[in-house]
Amino acid sequence: ADMTIGFSQIGSESGWRAAETTVSKAEAAKRNITFKIADAQQKQENQIKAIRSFVAQGVDAIFLAPVVATGWDSVLKEAQEAKIPVVLLDRDIDPAGKDLYLTAVTSDSVHEGKVAGEWLVKTVAGKPCNVVELQGTVGASVATNRKKGFEDGIAGASNVKIVRSQTGDFTRAKGKEVMESFIKAEGGGKNICAVYAHNDDMMVGAIQAMKEAGLKPGTEVLTVSIDAVPDIFKAMAAGEANATVELTPNMAGPAFDAIIAFKEKGTVPPKWIQTESKLYTQADNPMAVYESKKDLGY
Amino acid sequence: MAVRLPRIGTAQIVALGLILVANWIVSPQFFDIRVQDGRLFGSLIDVFNRGAPVALLSIGMVLVIAMRGIDLSVGAVMAICGAIAASLADSHSLPVVLAAALGAGLLCGLWNGLLVAVLGIQPIVATLILMVAGRGIAQLITEGRIVTFTSPDLAFLGGGSVLGLPTPVVLTLGMMALTLLLVRGTALGLMIEATGGNPRASALAGIGTRLITVAVYVWSGLCAALAGIVASADILGADANNAGLWLELDAILAVVIGGTSLFGGRFSILLAVVGAFIIQAMNTGILLSGFPPETNLVVKAVVVLTVLLAQSPRLGGHLAGLGVLFSRSKSGGKRR
Amino acid sequence: MHATETFPPPLLALAGFSKSFAGFKALDRVDFSLRAGEIHALLGENGAGKSTLIKAMTGVVQRDAGSLRLDGVEIAPRSAEEAVRAGIATVYQEVNLAPNLSVAQNLFLGRQPTRFGLVREGEMRRRARALLSEFGLAIDVSAPLESYSVAVQHIVAIARAVDQSARVLILDEPTASLDAHEVEVLFAVMRQLSARGIGIVFVTHFLDQVYAICDRITVLRNGRLAGSAPVDELPRLDLVRLMLGRELSEATSRRPPASEGEAPADVARFRGVGKAGTIAPFDLTLRAGHVVGLAGLLGSGRTETVRLVFGADRADCGAVEVAGRAVSIGSPREAMALGFGYCPEERKTEGIVAELTVRENIALALQARRGALSPLSRREQDALAAKFIGLLDIRPPDPERPVGLLSGGNQQKVLLARWLATAPRLLILDEPTRGIDVGAHAEIIGLIRDLCREGMALLVVSSELEELVTYADEVVVLRDRAHVARLSGAEIEVSTILATIADAPASLAAA
Amino acid sequence: MIRSLSRLSPVLATAAVFLAGFVVCSLIYPNFASLRVVMNLLTDNAFLVIVAVGMTFVIISGGIDLSVGSVIGFTTVFLALAIERWGVPPLAAFVLILVICAAFGAGMGAIIQYFELPPFIVTLAGMFLARGVSFLLSTESLPITADLYAHLSDHAFRFDGGARLTVPAMIMLVVVVGGMVLLHLTRFGANVYALGGSRTATGLMGINVARTTVLIYTLSSVLAGLAGIVFSLYTSSGYSLSAVGVELDAIAAVVIGGTLLSGGYGFIFGSFLGVMIQGLIQTYISFDGMLSSWWAKIATGLLLFAFIAFQQLTLHLARRSRRAPAGVHP
């Protein structure tokens, strides 16, 4: 299709985000679409600016990976007035803005947390289990949702308890630092049965911290995290990580298809195109998954 | 005569002590130290180990600030050098890796120094340029991914230990000693303080203020490079997106807690490093306390303010005033 | 002495003022009184506590003890603002204005004419021009203050205080940077004010001026009241003894004529050196053991001349020869490498590094010349500091005190020490005795002569012609930023110099 | 008069740089030279300009205020909660938050003044505190649905080609003009400059330094609060993580606008231009749209460098004929 699409990307704060950008570009190239990416460096105001400038440039469609759920009404209205369809990628916005975008291609981050929680409940099978949680950035909606989802997931099991919860800012370094202090605070780690991290990067850091403290992640301490970035599969292959829930970086592919169908045939897509939240464990041939993922730009 | 405490550094050392005690209160095992794989292991060690990058940054930053400058780019330089180190680690020998990473830091510092000293751009904007672009350069090197490595040599710089002390702590102490030797063993320290205190007078007294300015930024770049190497070595990978993010603020905070004025002049490298450990002690304490993370910043704000108020010249003046009153009333008592 | 005056009641009465800084007694139970319409000299050596007394009076420094009455009513201003509101206006010792603001803003800061809350710029400028014209100053009042010389800045500060003073006007060394003409203008204004019943406190180190204008003298010594008397009861010699607590070894006689015969070696020759818009090209020859004095009105280009000589500004024409070799002087470093030294006029902004100690300030230039990598050992620094503290009688004799805490005159001595420590071949002094007390004055003049005798070449800028004639071998007179005459031998007389200067338009408006 | 003109030269240089940049962008992208892009620049940067105006006062007085970004974040969260949860009428909430911000700024100013602490650190603590308190209030992003918000965010002067002068932009323009009047034409403004020139001298001249200092930080925080209100209008929501790092953008804008970080010199209009230059760089990059995240950052840095170097060159040329100004040292 011969069109120009502007993508207001949040930034490049993690490997997953980089992969999403890379994959989106590749998907655009496959479809011969001119794809303009504006990097907002984690700031909503920059995203709004970017959307305005896309409108000013007269692009054919706008993709938006919203950094927050609220505050898009007026700028999306401008896009609507300019008759430019908007597709949300990866995160949803506040329900009040439903009629302002064409469709949202996202995963359900509450659901992701829930999958992780349910896996843990199933794995410990009734044994008492103290969980420490590495949260994402305070205030980030993904962090809030993954926390909520996990709590929902373990709600039914009174044997599984979250004993400590701190933010690791979604980063490896902070994940490691926070895990180190968890280990100290929980009697050298002997009281910790499982670690839940809101993303894999923090978990990779936490695994290092456990190893340095003489603990055996993957066996003594269970791990479950979210995103499914290549490095966690390496850890799984080495038996140091147990489970991860996939968040696919290919949100743009379905979005392009929806836009093309909409532009060419007028097909109105469903309001929500949900991506799969697939659970991977050591049983899923982690090395093969690693190989398949390692060149995706993570 | 009232007994006077040594003025320099008392406040900082007391502050560090108090925070450590507070940590011990929120976490009774805080001072427990055991040996694990030939390396000391415990929360107290964590404070120094985790504080190492900011301490390294503050060693360079304190010199820059003493010259009436500021270096906002150190976080980005950390990311660049960490990225270089991590991407070369598995294909090159450690000396090559270190030379490349430190060389990059040196170049970054040179760039800052030239902008400030030769083009006459105000330091905060001059270094802002590299703060913005530098992060981009780091991401360019890693292409936005987390580049991991397995080289045990480089890993040793982050996770190894020398005589039981974690390598980052040893590197920090080494860098501090080297810097002290360079600025206090020569007249550079005096010249930096003079230039920071009164640039015009110093230039008229024949001090090569430009050269020193450039040198100081270069040193800051080197310190940042070392911090970046340590940060990469610690997580066995380079996270160009997040390495050193906002650490420039921590480094500046450390310098100021260490008693160096942002308007230049007198400086103390030692106390800047103590300042860095004060910040880390506070962070570690917050992590150990088990408070919900939403409260982190409020706790941090309160602690920073308290430490500063305790250092305030005014408050010191009031205390000294009390001392004078006290001694006066005593001698007055004798006379009558 | 005249400790208690009963009639007429004093306008301002201080009793038992004490102030210590970290255990050091700067003021010790000082009493002072000022009558309406009186011009009262407050005298004392450098560091005697004059400025501290004034600051304690106006609440800038919190006194430890003492009471203050204005018109018999006890007042206790806690800041300069409150003092001004009580009717006490002050010019503090260092020029204390905002250098970045325009002259007009500086004159009226805090009391600008306004309409609907907005400052009336035009009106303010008009008033500023009127006010300054009383002091014979016609300058662009919308230009930033710092674009003018210290002297102009000082006049602005005085004008501001004069315009504010309701009851009492305090002037701390207002004449230090003024030349004879400005001093006359200032005195005229002071007389006018005293006739209006305003009491004036006047601090100075020029005893002539004391006898020219003051009614009464109060002397401080080491923070204590040494005495107070009407001018006519205190002849000059007694006054000096009261200030110093000892006899002054008189050193202010004419210098012995330079021994004829062997021509002293040229240290440096400047040929046609100048800078467009700053100073017209000039020739200057500096010889070993020779003092060249620069005389001229304010803004005549003396400072500009010496800055070019030292490379602080870069000349755009001319040739320089040092010890017979053609050189170019592009920076102070290069000048220092040639053995030059330069004591600048603006000691606060270009001289001292306030935070550093006396020792460090003294060592600074020597250290800079040796390079950072061969540091002076602590022992060498201590020896250097001890030597010059003794030689120049720097007080308090504490090498570890930050220079910023020294009195103005002592800061000047530290600056001098910095350059003497480098043992220069050519020493350039811009107003070296500004703010220095009589005792130290004599010492510095003696020192200049000693340096000469040891073969140093000197280039001295001084507004004090009486002083200049005692040591200069040659006097260059400047006018309108050009060297206009060179006097030597018998021509070096105050009257001749004055006459040469006076060929120029007397007003400062020339610039 | 020549002297006063030459004092303006940093602003003139900044203006020249901005215009040159705009022309270059327009030559590259035909759509660029439109009223719409100009209006977008005004609207999108409104809150930043408002903050920069306050920051200009602070920096000219020789201080710095790092708390502004967090104050914006706090304001948006507070407004969202007050209006949506606690049922406070929007206008009352506006007044309330401005009062809170004023108290916050006055507190920082008082600590700086009475405890003689460096502004950098006091306001850094203020930054932690304001952000921390907004986390405590709510970590979620909260929509604001009040009618006033819908009304205000729709209200705009519309021009041809989709250009709109929005309410935030109008508020911003008023603040710029008001700031210019306050700084350049009132006694308070002169005191601010005097403080930056010399703190001790200002005190000795009989100016109430304490009151002026407290007022300056109060003003900065109030303007940050106003920027927060504008931000919440702009996004119709409140979020504790909004406006992270805005303090650095504001400081950079102020300094690019020709204000000396060491205090004493500067212009409100320069700060306005400084923000516009940053906005221009961003707009250019998003018009280009081909840059990866990292190339975008590198380009931002290089463009910033180009602008500043060009500004420096212009200043240098302007100055060459004149005597070098005293006291300006890198």
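We just call them A, B, C and D in the order they show up, numbering each chain from 1.
We take it that a contact is a pair of C-beta atoms (placed from the backbone, for glycine too) under 8 Å apart; a residue touches a chain by one contact, two chains touch by 3 or more.
Chain-to-protein mapping (UniProt): B = Simple sugar transport system permease protein.
The model shown is predicted, which means the values in this text are computed figures rather than measured ones.
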item: Chain whose average C-alpha position is farthest from subunit C's own; value: A
item: Which of B-C and A-D has more C-beta pairs touching across its chains; value: A-D
item: Separation of subunit A from subunit C, taking each centre as the mean of its C-alpha atoms, in whole Å; value: 71
item: Rounded Å distance between subunit B and subunit C, as computed from the means of their C-alpha atoms; value: 43
item: Where subunit A and subunit D are represented by their mean Cα positions, the distance between them in whole Å; value: 34
item: Cα-centroid distance, subunit B relative to subunit D, in whole angstrom; value: 29
item: Junction residues of subunit A, two or more chains touched; value: 12, 18, 21, 138
item: Interface hub residues of subunit D, defined as touching at least two other chains; value: 135, 139, 292-294, 296-297, 327
item: Of all residues in subunit C, the ones touching two or more other chains; value: 349
item: Chain pairs in mutual contact under the definition given at the outset; value: A-B, A-D, B-C, B-D, C-D
item: Subunit D to subunit A touching residues, read off their complex; value: 29, 31, 34, 36-37, 40, 43-44, 47-48, 135, 139-145, 150, 153-154, 162, 231, 234-245, 279, 282-283, 285-294, 296-297
item: In the complex with subunit B, residue positions of subunit D that touch it; value: 111, 114-118, 120-122, 124-129, 131-133, 135-136, 139, 248, 251-252, 255-256, 260-262, 292-302, 304-305, 308-309, 312, 327, 329-330
item: Residue ranges of subunit D touching subunit C (in the complex, touch as defined); value: 1, 3-4, 7, 181, 185-187, 189-191, 193-194, 196-198, 200-208, 264-265, 323, 325-327
item: Contact set on subunit C toward subunit D in their complex; value: 60, 79-81, 83-85, 90, 92, 96-101, 105-106, 109-110, 112, 114, 117-119, 121, 140, 142-144, 146-147, 160, 164, 277-278, 349
item: Residues of subunit B touching subunit A in the complex; value: 27, 29-30, 36-37, 41-43, 46, 50, 139, 143-146, 148, 159, 231, 234-237, 239, 241-243, 284, 287-288, 290, 292-294, 296
